[in-house]
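You will see two complexes here that share chain A, one where it goes with chain B and one where it goes with chain C.
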Partner chain A sequence: MAALTPLSTPPASPDAVPAPAGAARRRPRYWRGAVLTVAGLYFLTPLVSSFVFTVHVPGQGLTFAAYSGILSAEGFTESLFLSLSLAAATIALALLLVVPALIAVRLGPPRLRAVVEIVCMLPLVVPPIALVTGIATVLRWGPDHFSRTPLYQTFLAVQNESFPVVLVLAYTVLALPFVHRSLDAGLRAVDVPTLVEAARNCGAGRLYVILRVILPNLRSSLAGASFLTLALVLGEYTVASLLGFRPFAVWIVSVSGAEARMSVAVSLLSLLITWALLLVLSRAGTGPSTAVPGAGPSAAGPTGSAASLGSAGSAGSAGSAGSAVSPSAPDPAAAPIPVPGKE
Partner chain B sequence: MTPAHPAAAPGPGAAPAAGRTAPGPGGTSPETPGPETASPQAPGSATANGTPAAPRAAGRPRGPRAARPWLGALPLLVFTGLCFGLPAGALLYGAVTRTDPVAGTTEFTGEHLSRSLQGPYLTSLTGSVQLSALTAALATVLGVLIAQAVVTSRRGALRGAVLTASGVLANFGGIPLAFAFVATLGISGVVTEIGHLDALGWNLYSFTGLTVIYLYFLVPLMVLVVVPALDGLRPQWREAALNTGATAWQFWRYVGLPVLAPSLLGGFVLLFGSAFAAHATAAALVGGSVPLVTLKIADALSGNVLVGQENVALALSLDMIVIAGLVMAVYLPLQRRSSRWLR
Partner chain C sequence: MSALPAPSATRPGPAGPASAGSAARAGSGARVEFRSLRRAFGPTVALDGLDLTAEPGELLALLGPSGCGKTTALRVLAGFEQPDSGEVLVDGEDITRIPANRRDAGMVFQSYSLFPHLNARDNVAFGLRVRKRPAAERHATAAELLDLVGLPDHGARFPHQMSGGQQQRVALARALALRPRVLLLDEPLSALDAKVRLSLREEIRRLQLSLGITTIFVTHDQEEALSMADRVAVLNAGRLEQCAPPAELYERPATAFVAEFVGTMNRLPGRLTGTGSVEVAGAVLPVDGEAPAGRGSVDVLLRPEGVRAEADPEGTATVVSASFLGSVTRVLLDLPDGTAVKADLASRDAAALLPGVRARVAPGPRPVLVVPTTPASPVPAPRAQARAGAVDA
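Right, the complex of A and B next:
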């Protein structure tokens, strides 16, 4: 209907029909354009003027000193390296904790699912600054109460300047909601019980099932969780600064007093890098063209490899392995029945 | 373990029953298919029920499977208990107790909590609440305008671009955002100098300045939240309303807004929560010139409090957690309710 009316208006223009259609179309176009223009200006201006601010020095004209000086700036490489290694450790820890829990949730009772979800969402209720307050209190117990016990060494090790484990722990807590949400959405598209039972019936070990069957199906959501965690850790300031450590964001603030231009330049660069990462992520996450081939070979892969594993393990039982699949087919078919009931 | 067995037993038991009744009426030829369909099912149900036909195959995995899911989730539960529960518990305990430095005794007291609700601390709490409410309200209105402009647009590319940009910008905050705005609207910022804003009394390091900055990450967040809701507002409803003689205003008043209300309120609450918890941006920007509860907590944690008031930071954090908890308690039911209208 809507597509037909404009075509029919030029030759024959009855008074009633085109007037409302034209009015309805023209009015939204103006306000829509105005809204989007204002929004675009608001969101682009800080970026553009940050760039202008860094390259234009009053009285000197154009200079890229703010950018060329970054690499040689004192503390830059150390703080960036610290942030990146913290991010790597946080990603590893968060995935190691959440992936087994979420797989367990799919195979286990519904109560477990609720428990894991609540546990992962709880950090949303506690703002980062409140979490730091609690952590600082706990850390103060070390010298206060445990200075005579072997536990004191743990307190010291956790707060090691060169690699503060306590930050990894805190960041993992902060990242839990995002990691959980991303992986949960990814697992929703995977029939975990069927895959697990099928692979187990083909003779795959539990570790093999997780590494070669489940994880390949989760590739895009694993990447999503990792990128979000990376962005979170790289930009995190509150926890690190209040606990007295000096990763990247804290370093930016500390140089802003002496080198205002450079701090803006670094901010701009870190922003653009983070955005590039997130853009890659959103492309990878939303593109159905990437998801389908990703799921296809990985779904086909484990069955093929599991079959080859079975035949390699016991060449004589190839026939029995083939026959074992068909009678056991009702078993995995029966097992997931409680799962759709849960959802 | 015990609930798993009764739960698992009806599953396979029901499945063959359903399978057996289905071919019965469905099968047109009377007798010969009957025994045939029954005979392949007999081994299937035997393995599923764990009858002596295959006790090892079915019985072995089922026993551990009931316990194993908890095992997979155990690391996550232990981790959150240790790294989240312990600080939270310490926070709660410290907020309601007082330790006498001389005698070393600890007693329960409401002193810290009551002090956190008085004087400058109360001012900072109300300041935070005001700033969060104002920015959340503004961002809700602006976000809905932008989202509506995108949703009613026929260009798919525009929609994709705005949604991707929103996803990226909503993750933007903290230190880089603060410095981008310092370069733009700060004392020697580019836009400030071009527009001579300082002559007009503009000051970035104020309540208004913070509002402008917070909108930068709150508006995209709102766009992300509200676009699905606006998509759920079907064009047929509008056509039906217009056909029955309603004006555009009446459509929005009696159809559009009531349907959108839960999503809008949910979005507002979400924005309020994220503005309320924000610390890094304000810390890098205003120092202490705007009373915000996050800044006060950071201040108290760094030791800038009177002797005997150290635990006020804990009490303030507890206040924040209570407010954030209320926010989530409002948000979750609203989100559930609004999802009813989404396709």
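Right, the complex of A and C next:
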């Protein structure tokens, strides 16, 4: 009986079966603690070791010089700003490409879903080194071939060092799988055709339906896709380095030779910055009106893959993206009190 | 400003079965006509030349089995499907090519389809917001409609905080918010449990009567259709089999399909005598109407309540089972030729009809239909009237 009715009351009889359910409950709790401890040590040990390395100089004792010198370090501000700009542009471009495509295939023939999924997943099987080799070849070949056409200027413009559009294009390709997975998971949780029809029946045009009905129900997924892309761009090294640009990840590597402690300090700070940004984005994407159960970006899943794509600190960044993305199950108690007159 | 269409002065007040004729409500609501609608999805023909008219202010139920085209017809009317040919008219205006968002039709979907990110009040006011109506008007209308559907205190709740029945009430309020000329109900009760379904269907009927709005209601549940609708249109394979008030549909089905789809029916082998009568289960019944030509085998359709049975050791039928249904008991009997026949008897008369008991069976004076022996034949057949005189089975 005790096993059937999991109440807090103990068995009435001393010779009753000694609550196997209780034992079963304690065992997972014990293992859960052990697993959490091991995982915590696995993640925290390198971080703590790195922090100790940055603040402890043999012979000098405790010093924060590695941190205090970051802002004045040459190239820090520029590279960080460049990476954030590239991330913003990449997020915008990727969402602009994938959101309409996925909505269209939800409303169109189902067979198109597989096609779009395959196209979006292809970058997962193409190593960044292969991608950058192809891009570099085109960038070398293009100006010579199109030197007498307007495309010549285009080839130069996309390689502008202050804002290399070619990196945005490359990062968009790399981010496609994660953006697709996150948004697809969100769209699966929403009955898109019926919602569209309901909105159309209420007099809404197609653009209004997308902006005011579909997108608000994808806020969690949009946030998830955004910070997966952000993490990827902040940590991406291979493409940027081989194309000769110097965003944040490349700067960290370049500064590590001369300033080892500062390099590690910057890596730690970049993790904190990434976590802070992810926190902001996740909070923005999990507002009280984001009430689609199961539409959270955690369903996207490829955070591990995101980590593997980057280098020079990207693992930590992308990994943190995965941990920061939590499903936003609707909380009835958190329902907002509508403000009369609020649009 | 009143949010709702003015109630019809000719509308009967209390909700109830569709006893009032459509003509009594003429003048309110819109007239909806389907003219020769055809719609095919690849090799599957969903609508095959559908001609149907919903009179102003009436509740017309589209009834039929899955795949008969009833939902397609509704979606064509809503503008979600384009017919391959034919046209849809509302008050004489051809709306076939008008986009869905410009049609004056409110729709309630089977799956509620409330917007998850909006609370009940904003869901109801969504259409008004699309049309850029002032906030005060939107809120007043939403509050009035939520009150109308019995949810005055649920305006701040989100869809996931409401039950299925509550969500469907909100969906109904949303469909009415724009004061549509036509209300479309696409199996709105099928996702609800039995008790909620019963109360909500009475509520929908009450609202429809009080608002006088032309309503087209798709369902595969004949009980819903017969209890709510002024008229029921039975569809089969994309074609209209019969459109008639519920009682007429039940009492005088035009085709074998209607007869067997609506209610319970016995199909018994019979033989035309050539004199305007048919012999079935040992009884000779006059055919009411045009008799099928010649002689030969036919099938005779009888309602279970039109079959009498009584325990008799001399009888040749055998009771197979008896199901107590309250005031009525449905008795299943085997005739000597192996045909099974159902009889609905008053429970007090069926007490002796226990399984294995011998019994006498006789068709009572109930309308029947004589059809060719092909079971699926849609060819209308004349009705026959049972002649008095029980014959031993």
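One rule holds in what follows: the second predicted complex is superposed on the first by the 229 of 343 C-alpha atoms of A that agree within 3 Å, B and C clash if a C-alpha of one lies under 4 Å from a C-alpha of the other, contacts with A are read in each partner's own complex, and residues count from 1 in each chain.
Operating definition for what follows: contacts are C-beta pairs under 8 Å (C-beta built on N, C-alpha and C of every residue); 3 or more make two chains touch, one makes a residue touch a chain.
This is a predicted model, so every value here is computed, not measured.
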Key: Between chain B and chain C, more extensive residue contact with chain A   = B
Request  = State whether A:R200 touches chain B only (first), chain C only (second), both chains, or neither.
outcome  = both
Message = With both complexes overlaid on chain A, does A:M262 touch chain B (first), chain C (second), both or neither?
response = neither
Inquiry  = Quick check on the superposed pair: does A:I91 touch chain B, chain C, both, or neither? Answer first, second, both or neither.
reply    = neither
Key: Touched partner set for A:D191, first chain B, second chain C, both or neither   = second
Ask   = Looking at the overlay, what does A:T133 touch: chain B (first), chain C (second), both, or neither?
value = first
Query = Looking at the overlay, what does A:Y208 touch: chain B (first), chain C (second), both, or neither?
reply = second
Request  = Scan A:W31 for contacts with chain B and chain C and give back first, second, both or neither.
outcome  = first
Ask   = Do chain B and chain C touch any of the same residues on chain A, and if so, which?
value = 200, 330, 335, 337-338
Message = Give the list of chain A residues in touch with chain C in this complex.
response = 190-191, 194-195, 197-205, 208, 213, 216-217, 219, 289-293, 330, 332, 335, 337-338, 340-343
Key: Touch list for chain A against partner chain B, complex   = 28, 31-32, 35-36, 39, 42-43, 45-47, 49-50, 52-54, 56, 96-98, 100-101, 103-105, 107-109, 112, 115-116, 119-120, 122-138, 141, 169-170, 172-173, 176, 200, 228, 231, 235-238, 241-242, 249, 252-253, 256, 260, 263-264, 267-268, 270-271, 274-275, 278-279, 282, 327-331, 333-335, 337-338
Inquiry  = Under the stated contact criterion, what part of chain C meets chain A in this complex?
reply    = 78-80, 99-103, 105-107, 109, 111, 113-119, 121-122, 126-127, 129-131, 135-136, 139, 155-161, 171, 174-175, 177-178
Key: Complex contact set, residues of chain B against chain A   = 3-4, 7-8, 11-12, 14-16, 43-45, 47-48, 57-58, 61, 65-66, 68-73, 75-77, 79-80, 83-84, 86-91, 94, 142, 145-146, 149-150, 152-153, 158, 162, 164-165, 167-169, 171-177, 179-185, 189-191, 215-216, 219-220, 276-277, 279-280, 283-284, 294, 297-298, 301-302, 313-314, 317-318, 320-321, 324-325, 328
